[in-house]
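Encoded as structure tokens, here's the structure I'll be asking about.
Labels run A, B, C and D following the written order; every chain starts at residue 1.
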């Protein structure tokens, strides 16, 4: 897996508001979709559905922050880059950026905790995740 | 319960597209929200969540059709009216209309089947639903 | 352009409801996304954004109907097929189907009218659309 | 206008994911809806639609951060509280919290800049906004 994983978003007419740019609330949703695609690529199954129902754990979000740098429009695909930045005892942090035509549109940080599926009970990072993710870590 | 149940939708900036009107895909979503609010009112619990997890059945949609009569904007609340139109052995049909400022914006028909929760297995209309809904039925 | 254009949808965790299948309201939204991708392919610009702001017309929906045949899950990509079925003086109709793992999940019919951008005024099908779409028409 | 404005969200079946709780990406969307409702209450018109098309300015978001404290479910309405926390030369910051059954579910901070409608050009806070908002400011 590359250190920086990219996921492409098709920005449509219905994603834009009357100011003719993507409505702000779509942007964290796209960042989450990119993070889910990252898990899909890492684990080889359908994202959080695979994590929850096949592997028996989950990674709910406890924090997100985003800076919006430039408007997003349907004129170009939005290329989201996902990089894991920190792996704690039972947490993982990601940096996600989104660009159109090589120009930065947003950047954000996201923190998730590891839990047992179907509970709110924290658990340690699964060993197979730790070994796969450690080489991918990059400073925030 | 009134024969015609109404549910109010707040149309926001983010619901509108660059043509300055509600994006079409939001309209079936609002009709479904109105039908869920109808169940909530009928049964006294939180909609399909209550139906699935407290009562043990479900009502997945098998058909929908909508005619769009006039654009929807944030200038007025959208008033959705839900009327059950037919109760079969294991199905229910609804008519839903949406109006702004007393002018019809959309009208639609929806058909759901009754299943056991967590399965695709059809079941008969629960007797308490049949007795509560029969007096509310109105021709489509 | 092939007679049957396909557009792939990534079904994610957030698209699913507590019954572990795609929430019904996402399905018409995906069908619309597939129709917009069809326009994008036909015209070579970013969908309805291109149509409205570069070409000066629009194609609002006046009717949709959908039959839901099987649940949709994140286990497979959803392959949507878009076929134009009728071209009137100032309208176009589409058939859209969605399949997962070669099994039909939904099928639907959609009708749009041609208008001048920024108005509700009907206009004739643009000649370049008529000539490009006529060879693609297939019976509903 | 009260110092702390509240806006109620109906959490539905379709807002929840297979973990039976509201999908994370809905939460910033609800916070934005609450902020738009705050503007609606302050200005007496339909939110950002009124701001953009009647008043001629806009307030795009440049930053958001959220901490997720407890899961959100359809069992209760989600009560969002919006408080302006800072008014700069051409910016405004808000604190938004969301609670269910008196228990905190999320808290967040949001920053918007004032622009001329239809542009990316910054402008000063409109005087009528400054005079209406200054008495409402509360520490973050």
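In this section, a contact is a pair of C-beta atoms (placed from the backbone, for glycine too) under 8 Å apart; a residue touches a chain by one contact, two chains touch by 3 or more.
Everything quoted here is computed from the prediction, not taken from an experiment.
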**OP:** Report the chain whose mean Cα position is at the greatest distance from that of chain A.
**Re:** B
Subject >> Of A-D and C-D, pair with higher C-beta contact tally >> reply: A-D
Original post:
For chain C and chain D, what's the span in angstrom between their mean Cα positions?
Top reply: 33
Subject >> Between chain A and chain D, centroid-to-centroid distance (C-alpha), Å >> reply: 23
Subject >> Where chain A touches two or more other chains, by residue >> reply: 13-14, 16-18, 20, 24-25, 29, 32, 48-49, 52-53
Subject >> Residues of chain A that touch chain D when the two form their complex >> reply: 17-19, 24-25, 28-29, 32, 48-49, 52-53, 58, 60-68, 71, 117-118, 120
Subject >> chain C residues within the chain D interface of the complex >> reply: 13-14, 16-18, 20, 23-25
Subject >> Touching residues on chain D, where the partner in the complex is chain B >> reply: 10-14, 16, 20, 29, 32-33, 36-37, 46-50, 52-53, 73-75
